[in-house]
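As structure tokens, here come the structures.
In what follows, chain A forms one complex with chain B and a second complex with chain C.
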Partner chain A sequence: MTRMPPSVGTVVDWAAGVMFRILFAASVLFLVIPIVVSVVLSFDDRQFLGPFPPTQFSLRWYRSFLDNPAYLEGLIVSLKLAVLSTLISTAAGASAAYVLSAGRWPGRDVVEMLFLSPKFVPTVVIGFSILGFASAIQVFDPFTRLIMGHVVITIPFTVRATLASLIGIKRSLMEAAISLGAPPWRAFLDVTLPLARTGIVAGGLMAFVLSFDEVAVSLFLSDPFTQTLPIVLVAEMRANLNLTVAAVSTVFAAVTVLIVFFLDRVVGLDRVIGQGLYRG
Partner chain B sequence: MIVSGLEATVQQPRLSAFQWALLAPGAVLLVVLLVAPIALMAVVSFRPFIAGRVGSGAGWTVRNYTELIEPAYAFYFYDTLRIGFIVSAIALLLATPLAWQAARTKRRAMRVSILGLLIGLLFMSLVARLYAIQMTWGSNGPLAFFGTLIGIPARSAGYAAIQVAIGLLHFVVPMAAIILIGTFQNINPKLEEAAASLGAPRWRVALTITLPLAVPGLLSAFMISFAMCISNFVVPLILGRGIVLFTTNLMYVRFSDVANFPSGAAIGIIMFALAGFVVYALAGFVRWLAPAEARP
Partner chain C sequence: MNSSGLDVVNVVKRFGDHAAVDGASLSVKDGEIVALLGPSGCGKTTTLRLIAGFEALDAGTIAIGGADIAKLPPYRRDIGLVFQDYALFPHLTVADNINYGMKQRGISKIKRDSRRRELMRLTRLEGFDERRPLALSGGQQQRVALARALAISPKLLLLDEPLSNLDAKLRETLRIELREILRGVGTTTLVVTHDQTEAIGLADRIALMNRGRIVQIGTAREIYEEPATRFVAEFIGRSIWFPGHLKQGTHGAEFLTDDGFALRINAPANARAVNGLSIRPEHVRLSARPNDVSRIPATVMSVEFFGAELIVACRLNSGGRVIRIPIRTDDEAIPVAGASVELGISPDRCKVVADD
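Entry: the complex of A and B
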């Protein structure tokens, strides 16, 4: 058998394949390297910010995190804020999503737009406008203002996630319950709510994470005595470069890994993204 | 809002009292906490600013808007849009191979790893990621040599823009990739197989079959990245070193440093309009590229 010289097509194919692999590796590395660097640096034993990699390791930055009351106070404010605003926006968003999924009624599109629109309004605009509005209606308590802002930014996520899970639920199940004599609220509680649970939980999770990490809205609505953890971290990052923030970031990264693992177990990552039309 | 063209089969003329009760709390919250504040902000944006006084003066003026056309301010808008545009373009380039691999690989471990990475990044604190980027790409970091490589040393002022771009990329690439996974998954692989079996080399299949089908998804990913970039606040705040400021940061400075509420409100209204325009244009674009009957 004679060997065929490679055609132009195969050479271009080969080059394109190599390019694709290089680009793929570059983007994975681009996304992963910074996180690895900061995790490694968080165990650095040096007191100053030395060149990478560190030579001696210790847990000093984790101790300094636990010793600094500003971080812990920020953490408590952030957790309280995230839990409360998640509860409010999940309750309001999930029940609205249920009505939005119930067929078409006049004005439905406008209401849907209202519920999803905070996602498209820049967060600074939300923070700034709520600050002006709060002082106009004489609300000066920072925690109340923070709740106001965080509920607005998280609602679209709870609505979206619940809507997505409700689309899969057959209306006939609900109608069957009603035709068997259940009042609508009973059918809602016993049939729809349990079936939409994954969507509601996923939306609540997103709302929690979003609220916990929010900077722009919180910067406008907090005051020097009520600060969230991200605000404390940003202030620390801009003021001095010590590695305590690296320790906090590492804790965040670890929690994220747990969340992803949990999400994969409970919902399945494939379902979060969706299989599309032609897979599987 | 991309409203689906499919009409629901059930036409429900009116909502029941129970449905109203479910809808009302959220609707009231949003009218009070979103619509009313933005309306108030629109009013304030036409009020004159009186130096040394918190709040705004009486009477009406358009000065808060006209002063933004002055070069000193217009530059912030230009810088924001320019960096946002470049970052969104690079984000497509980096997100495409990730999304393609996740959508088309036959190896389950590969798919789950990519999905896990992307979803994990979405869930991981952006503040923590930006700190990690500062540690990695900053003047002391292991990747700082990159600046020297492209002629903008990490210690120079010009590097601030590079750092902001890197931060924004880290923020938008996972989102763009997740959008593109959906796009690629919905392109029928049989079309490519058919073209290949007729003897077309793979690069021609990619250019003539796959790319045209992916255009609406690529455009969505681009526009959403762009909208996310220009409305971002934290990335320039942390990585901009005070040299690169976006309009969002300008708005904050107007409020925190000079307490000029009317000017901040005017910037806010422009940003609100800009964000609305990008989303509206996106929905229009997608509808124009993919007519109703072609959509799944």
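Entry: the complex of A and C
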């Protein structure tokens, strides 16, 4: 018996398997390991940036983080900003997605493109443009400016995620509710909103994470008295580089992971039911 | 005027240049079941959406119980609608689906529960209260949709292709079941369908629609026996169509077909432009009786066996056209291929109509 030459399919499968392993290794190497290193370093007892791994551990950098009011203020600004801009972006994005999915009208694609465009414009450009626009309309409050900027950069994500979930909802469901006596707004609240919830929450989650660690736009829109945590982090790193930065990064990462984990449990559970909903 | 009958008068709906509904008129009497039957694209679905209020009229009137509803928004029309895909709310239980319309009307929980139980008994859904719609079979889903539409005690019930989503085997049983439920409720009902069996099986009368207009309304039998146009004759049942023209013969009215036959007809030639004659294949006799006045000499081409019936293909000696005639398997004389026959046609079976 001669051996069969490997078929094209087998070769492609094999190549895909190898590619996957390489990508996986690369993401561990460049994404996970640096975070682990920075988490370990944040517990380093040494006064200087010594070679890895640390020889002694302590919580001194966390103490230094809590002793520096700039970090705490930055954290509070970042959280307030992320919560507010997520709420605004989710409400606006979900409404926009609803209008976009409701039907076809002239210019619809252009409007959709406009809502998604901040994704493709460099954030530096967005930051500078909003700074100029804010002063043109006499808005000088940095927090308001930051909200404007963060809503703009997060809205493509809330629009996209909501659009994706709205596509799965049949038009006849709304019409059924209306024919049963519900005015359109009521039918929307009773039918469309519960069925689109997965997408809306997912979009909001992305918006939150995006806003929470945004640097470029915030750099333009903040002022010395209202700074987000990433901005404080960058400034401190420039001024006096010590391992407080590692401690702050660890807290920062932990907050993000916690929020993602918490929301994913809510959304994740919902999605299990959600798939059952849209099937058939 | 009907107490809660439906009157659709000269309704027009245009999409751009195309008139999807082009002056359609029909009425459904109080408590009557009418099927709106037609091929796909004939405008029947648009008509249903106009009645339900999801499309705005361009011209005409729609009235229920004599009151014009064309200006009312769809949620104030009191029309129960059963969608083709049922459109059950997937995130609500069967009970909440049925309750939905009653809740919108502010009906008390006690009344809601008793009405729901009554409807669930009627539609044989007892015990399914807490189920999700997608955990039900197609037939059960349809009954939930029906119960939900009936829960609001609608003045009019609209059914959009009610059986098209169901398994072909189940369709027959479910059609009979659906008819019994509709009869029991007694609500004025309009069924939109493209399937003549569905229309005949469910409705008291059938409104046949073609190219945005209602071409004929009547009982299934009336439409079958007296088709108004060639379209009707060919859409309902089978038809043999002879193009030709009318002529006043020596013994009465005659129809001269283009392939050279003179067929005696009964129907008086009316003012309408008649340019064809329709006859049901089962009304053509394979061997003419002595008193048949209209005879067509033909040659048997083939005989095909279809269980209960045989289909005899005959070539007409003049013109060479082949027509297919069904005969019963237990008929005495089954012809053989190549045999010469004289087809007999009774004057009262010949329907002269316009080719539309």
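Operating definition for what follows: the second predicted complex is superposed on the first by the 228 of 280 C-alpha atoms of A that agree within 3 Å, B and C clash if a C-alpha of one lies under 4 Å from a C-alpha of the other, contacts with A are read in each partner's own complex, and residues count from 1 in each chain.
Heads up, the rule we're going with is that contacts are C-beta pairs under 8 Å (C-beta built on N, C-alpha and C of every residue); 3 or more make two chains touch, one makes a residue touch a chain.
The structure presented is a predicted model; accordingly, all values stated were derived computationally and were not measured.
Contact with chain C, but none with chain B, is seen for A:Leu180 once the two complexes are overlaid on the shared chain.
Of the two partner chains placed by the overlay, only chain B lies in contact with A:Gly9; chain C stays clear of it. Contacts of A:Thr55 after superposition: neither chain B nor chain C is touched. Of the two partner chains placed by superposition, only chain C is touched by A:Val191; chain B is not. In the overlay built on the shared chain, the residue A:Ser172 is in contact with chain C alone; chain B does not reach it. Once the two complexes are laid over each other on the shared chain, residue contacts for A:Ala102 go to chain B alone; chain C is not touched. Ranked by how many residues of chain A each touches, chain B and chain C are led by B. In the superposition on chain A, chain A positions 184, 276-279 are in contact with chain B in one complex as well as with chain C in the other.
Interface residues of chain C facing chain A in the complex, by the touch rule stated above, are 52, 54, 73-81, 83-85, 87-91, 100-101, 104-105, 132, 134, 148-149, 152.
Interface of chain B with chain A (complex): residues 1, 3, 7-8, 10-16, 18-19, 22-23, 25-27, 29-31, 33-38, 40-41, 44, 55, 93-98, 100-103, 111-112, 115-117, 119-121, 123-137, 140-143, 169-170, 173-174, 178, 181-182, 184-190, 201-204, 206, 227, 231, 233-234, 237-238, 248, 251-252, 255, 261, 264-265, 268, 271-272, 275-276, 279, 296. Against chain B, the residues of chain A that register as touching in their complex are 7, 9-10, 12-13, 16-17, 20, 23-24, 26-28, 30-35, 37-38, 41, 49, 51-53, 88, 91-93, 95-96, 98-99, 102-106, 109, 111-118, 120-126, 128-133, 135-136, 148-149, 151-152, 155, 159, 171, 184-185, 188, 209, 212-213, 215-216, 219-220, 230, 233-234, 237-238, 245-246, 248-249, 252-253, 256-257, 259-260, 263-264, 269-270, 272-279. Residues 170, 172-173, 175-184, 186-187, 190-191, 194-195, 276-280 of chain A are the ones that touch chain C when the two sit in their complex.
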